[in-house]
Amino acid sequence: MNESEIIHNALEEDLGASWKDVSVEALGSVGDNSSTSKVIVKEAGIVCGLWLIDEVIKKVMMVCGKGEFSHLFSVECYFSDGEFVEPGSVIAEIDCPVGIILSAERTILNFLQRLSGIATLTKKFVVAVSHTKCKILDTRKTAPGLRCLDKLATKFGGALNHRFGLYDMVMLKDNHIKAMDGNIKKAVEQTRMIVGPTKKIEVETSTFEEVKAAVGSGADMVMLDNMSIELMKKCVAWVKGRVPLEASGGINLENAGKVADTGVDYISVGEITHSPKALDISLKIVS
Amino acid sequence: MNESEIIHNALEEDLGASWKDVSVEALGSVGDNSSTSKVIVKEAGIVCGLWLIDEVIKKVMMVCGKGEFSHLFSVECYFSDGEFVEPGSVIAEIDCPVGIILSAERTILNFLQRLSGIATLTKKFVVAVSHTKCKILDTRKTAPGLRCLDKLATKFGGALNHRFGLYDMVMLKDNHIKAMDGNIKKAVEQTRMIVGPTKKIEVETSTFEEVKAAVGSGADMVMLDNMSIELMKKCVAWVKGRVPLEASGGINLENAGKVADTGVDYISVGEITHSPKALDISLKIVS
Amino acid sequence: MNESEIIHNALEEDLGASWKDVSVEALGSVGDNSSTSKVIVKEAGIVCGLWLIDEVIKKVMMVCGKGEFSHLFSVECYFSDGEFVEPGSVIAEIDCPVGIILSAERTILNFLQRLSGIATLTKKFVVAVSHTKCKILDTRKTAPGLRCLDKLATKFGGALNHRFGLYDMVMLKDNHIKAMDGNIKKAVEQTRMIVGPTKKIEVETSTFEEVKAAVGSGADMVMLDNMSIELMKKCVAWVKGRVPLEASGGINLENAGKVADTGVDYISVGEITHSPKALDISLKIVS
Amino acid sequence: MNESEIIHNALEEDLGASWKDVSVEALGSVGDNSSTSKVIVKEAGIVCGLWLIDEVIKKVMMVCGKGEFSHLFSVECYFSDGEFVEPGSVIAEIDCPVGIILSAERTILNFLQRLSGIATLTKKFVVAVSHTKCKILDTRKTAPGLRCLDKLATKFGGALNHRFGLYDMVMLKDNHIKAMDGNIKKAVEQTRMIVGPTKKIEVETSTFEEVKAAVGSGADMVMLDNMSIELMKKCVAWVKGRVPLEASGGINLENAGKVADTGVDYISVGEITHSPKALDISLKIVS
Amino acid sequence: MNESEIIHNALEEDLGASWKDVSVEALGSVGDNSSTSKVIVKEAGIVCGLWLIDEVIKKVMMVCGKGEFSHLFSVECYFSDGEFVEPGSVIAEIDCPVGIILSAERTILNFLQRLSGIATLTKKFVVAVSHTKCKILDTRKTAPGLRCLDKLATKFGGALNHRFGLYDMVMLKDNHIKAMDGNIKKAVEQTRMIVGPTKKIEVETSTFEEVKAAVGSGADMVMLDNMSIELMKKCVAWVKGRVPLEASGGINLENAGKVADTGVDYISVGEITHSPKALDISLKIVS
Amino acid sequence: MNESEIIHNALEEDLGASWKDVSVEALGSVGDNSSTSKVIVKEAGIVCGLWLIDEVIKKVMMVCGKGEFSHLFSVECYFSDGEFVEPGSVIAEIDCPVGIILSAERTILNFLQRLSGIATLTKKFVVAVSHTKCKILDTRKTAPGLRCLDKLATKFGGALNHRFGLYDMVMLKDNHIKAMDGNIKKAVEQTRMIVGPTKKIEVETSTFEEVKAAVGSGADMVMLDNMSIELMKKCVAWVKGRVPLEASGGINLENAGKVADTGVDYISVGEITHSPKALDISLKIVS
């Protein structure tokens, strides 16, 4: 699903199979009157999703057969995606037929609040490791159907994207390696022969021996899964930058800095997409 | 979107446009071997989403052209959706070709963790008001594209569903009423004439006067929006059960019990769907 | 399906899998010449569907790759949907490339004739009960795939909409109640606990006892199914307006007035959507 | 759209965006109990659409996640599509979980009633011309989105199908010919060069001269549009069977026999698909 | 599938489930800069597909959310589809944001190269029979999913289209006839009764006796399948133009002229769509 | 699009918007009789696509409502995909209702012929370089909409897959690098910062200097575009295996061996997917 399909589905589940807002229907022709609304962030955070306001409203106008009122529609954003905002900030102003904004309001806010929540939490992790050269990575622990938006939000929060799915990178976990006779080197070589030269291969490890085997196997990246701080340090020292190392498993805002201090290149964090707190944002029709 | 489409989309974003898992591809024919996995809940909570395990795996088998291996597939669930589980509980056991479970694992867990997180948080609110006859309602503040599942999860957590979208109930907010000349009674009557007799009409109020007007208007339900405890008590006393009252706005686990003590019939809570913490659940291939 | 999808499907079945009109293809570049057409109603009735002319032609221009000829396209409507027209009335005039109007003609007329036929028949029922305060309701007996349009047409004919589907209102028929132990009160209460407070519950009754039970059960609306005029009068007298009453079953243009005289609030009529006679409308290319 | 998509759309508009029947939901697990229903035709007619019963119910079971109850499901039909039935006939018996039949009932009946209505009306026209060798043809005046089913119904009523859409046969009407300089012979030849040898070309005529020109042009079929009985007779006599003749325009049950007496090969009738009266059919759950 | 859907699918398989070009992403905002590109044909041939350039780029701009850069976009074509071009010819010039043309380039060329390859090969067959009145027909041996474009390309190469699919013409092969008791006349008559008068019926024959039977059966067209030159001549002489004859089977550029010399009306060639050599075309960003 | 959607689209374009085969319709109930067919390869080559036979026929049975005849259906394959076959080999035998195989035949053959043609041509390139350790790679020059199948076929022919699309690997061509100030090292570093660590970055080069810059930039792979044999040798000697080298541009069966002799790791060939000759395969109903 691309953005356009995600928005379509979000609106369809709100407007129903026949795409109608019965409350707006009650307004009759008054729903076509112009209106001005402000989008207000009520707590400090990183704002994300502003570009979607325009797309949501355009799609509502289209499916509600209000294309002829497009001259009443404009959006002005006062912040950029990824920017920090203080509580009370007006981040956007929307001119729009009143019936349209009433129908679009909840969908716009559902997007903005989730994505800003992700960006805000991501930024906290980025700050927690900013005294090192370690980067934060996201994971595939995203809300089903929202992966491409969730991963845009982590980027606006300052993280880098890990693989998008099972299709664009190989990750050999213990179960994969076990299924290929348990030999890491053989597993990586077999993989390369099958997937060709254009996909990166990462190997998941949990012991020093596995790390040594993985580095020697020709893997492009090695994941240190649920290791102690000491073990990670030992691995970093031995690997000496020959291959990027990713720490993973049980990392939270409290221990992220210490994990970064071990010298790993990347820390991947599931929490930023599976448990973000929605940023408090509201929409107020002011005239 | 129905469940089947939601699962399809979740798998498509993980498997990509050509539906392939390059890590499983590397396994070759070994991926067709049988395997047994356990789904383990690692923290206390209400489990929700178990019925989706079967559907996700069946769809993966189908899209990966592994239908002929269906004799290797079975799921046994040891708990029911909505049940409380202790940390460490094995909630399900899955027999399945190893390549299939590796491709399906993350999608299964993304569903289970979100839905169980919603059910668990909902249950906390339900418990917080359980000394009264007040019921918890969900809202439309759901993850875009997941409304029907999010609302199933709140139900398994003990809440009742508020409207599903803009199509199945009328909610007249201040902006609707303002647009209809500000007269609540007139607005409700006009609405009834337009939407017919089969849709309920709820009116949002923030003052005692508005509550009185709403009750007198023929509305089917009245929302008390962001009112103080005292004001809510006053409204409850005046309304005397003639119409159901719903408290809304700024209600959290700390104040929910007190709000319920005012005698309102319902409390609606956005947090249970917009900011649930994922329940920690993992899948372990045991053989 | 929303309107846009309904139009898409109607055009696809006419233009085929590859979207081509072989008769227009034969015209070659002449098909791009401008033309003017008149839409003429040939018998008296209520016109409905005028807004679709614009949408059908735009979609044909788009799928036929004729977007660059949009400057040749305009529609002027001389009547509004829901208005009464005399035989011979020109209801719209269309300027359009001649190839486009030839491809769009039948689809436009199929919509206009069905919807105007529904509105016209509906209006006859509305007139038949207009000496009372009784309102006409439509039903779910619509042409498969056309529900949202069919129900718009009944509205333009002066009726109110009954529920749109199985999702936006509860209707407990004898079979539902039987399945819940035959106790109406218990059935309504169990329903309320499951579907929450936002959906209306209607109970179907066929005897005086059932009506009494239904009114006492907390149902929001009661259907009097296939009752005699006398029984309906008795029910109306006993209910005294505590809950809206809907007469249903075997009601036609001849007896509708008498049914309305019983004092019921609503009469629902399947015939207006399952057996409308198409209004005779044609399109004439005049230059 | 094929049959499967038409059924999907019909169910989606009835079950809504999240595919739920709130009345059946109220039944809880009782909805999974077995039941037996009879489908009863209440007036004489030609039955059509019986094969859809099975498909509708299977799709409901699938989308409602009730696949595991398929052992409770069977349909037995006591008549064949196209057969004449007396009032009161039980045409099918359905065993099915009670919740499923309650959700599927209206959709099944909407299909059966429309298609049987079409077949019944078609048969009347077929009978009206049965003393001649003239055949009844349908037209493209079908309900938008239902063409393939409507045209199956006319066949079961004894008619032959005219073209399915604009893609599978050329029809040159006066406007097409005018656009190609008004010369019928030239128009037909130009058309043949463009559409190739595999599509039939029919020419619409309204005067004797046009018929002569059309027959001489190499057209595969000639339509006599809105001609008088006398003119049709003259044309038939002159054409002498060199090319099939189709009478069209303003033909109803009263004059169809006389039109057939002129010796035309085919009569096309829009009424059978644009204005059929639904056959009265009901479904009764008997246990 | 219509053209728009074909383009959508082609872009989706190139841009992936989330519609992203990671190479263009690396450009950052530089990707929005204007650019000019030339489309250059590197070998002599018939160009085909030019109209798709505009559609591909517009769709890329839309799905990549770059609609606001549409003022940077224009296409100028220096040749028409179906025209012969010399090696080195610039056939089109494209102004476009550089990121968009980089994302669209391969898809544009994949279309242009295949369609021009088809048109070029078709033209060779057309030339090979141009000393006769025989016409070249295409077949259903097209690339799956590309039939409507492949058949447009054969037309631009000078061929006529055979049937588009199994739906718009009847072709009775030996297996059909065998299944209908082996009697050609009976088979054609039965077919006519079932499919109605609007579809052409072609009969496949391989012996002189079959040709005689087919011509006498009322078939609209007769295929001479894999016959020798002598046998075809004999058939042509006997048929005397009463029905069009199509030669088919094993016809290549070397023998096409001789087959045409037999006097058959049409020659159908699978090779032009199942084995065209892509025309060498490239795109060069010049500024 | 996954395989299932590709097959659906291929069948839809052949069976049309209403999914009907008018020739099979003419058979009436005879079409449901059993039949046995042989799939015969008529020239030597690598067979590919056998697994699709089953899927195509199952889908035809489903869309034609012939599921109840599934007991008449089975496929036996006598070769495996990727195997070499001699002319005249029977590669599969199909038992199936005769109407179904008649409707499915052309679609099955269109798939088999294209994919086997690709595999056969690929194998020739693989053989041409088999005296070296060089591997053949495919490209994105595939038939629009068929990429995933075309790339499966090259694999069965012995090649490895290059990137699937623009989403799973970065390829920096001269235009990308120019747009990033022309500095290869800077371009690669900027790219890594934006796309994260999980995607490979390949740099296209055409001079020795560019190769040196690319190797020093941290690129994962370097493409030698349209270089002379001598220059490629020089590059191979200098790079000394630090990074994989891919030769590309103007490589055909005649020069592929010599290019491989230069010591490059990979040769990518567009011809194997943009201009394969269909392998001659036919289907014969034998009883």
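Labels A, B, C, D, E and F are assigned to the chains in the order they are written; within every chain, residues are numbered from 1.
Following the convention adopted for this analysis, contacts are C-beta pairs under 8 Å (C-beta built on N, C-alpha and C of every residue); 3 or more make two chains touch, one makes a residue touch a chain.
Note that this is a predicted model, so its numbers are computed, not measured.
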What chains touch chain C and also chain F? A, B, D, E
As a test of understanding: of all chains, whose mean C-alpha position lies farthest from that of chain F? C
Report same or different for the chain B and chain F interface, where same means the shared residue numbers exceed half of all residue numbers found there. different
Geometric centre distance via CA averages, chain F-chain E, whole Å: 21
At what distance in angstrom does the C-alpha mean of chain D lie from that of chain B? 44
Chain centre separation (chain B, chain E; CA means) in Å: 51
Two-or-more-chain contact residues of chain A, please, as numbers and ranges. 1, 12-13, 15-20, 147-148, 164-165, 167-169, 195, 199
Pairwise touch network: line, ring, star, complete, or other: complete
What does chain F use to touch chain D in their complex? 16-20, 62-63, 65
Per the touch rule above, chain F residues touching chain B in the complex are 1-4, 51, 55, 147-148, 164-165, 167-168
If you look only at chain C, which of its residues touch chain B in the complex? 137, 160-164, 167-169, 193, 195-200, 202, 220-221, 244, 246, 265-266
Okay, in this complex, where on chain A does chain D touch? 12-13, 15-18
Interfacial residue positions of chain D with respect to chain C in the complex: 1, 6-7, 9-10, 12-18, 20-28, 30-31, 33, 98, 102-103, 106-107, 109-111, 113-114, 117, 140-148, 164-173, 175-176, 179-180, 187, 190-191, 194-195, 199, 274-278, 285
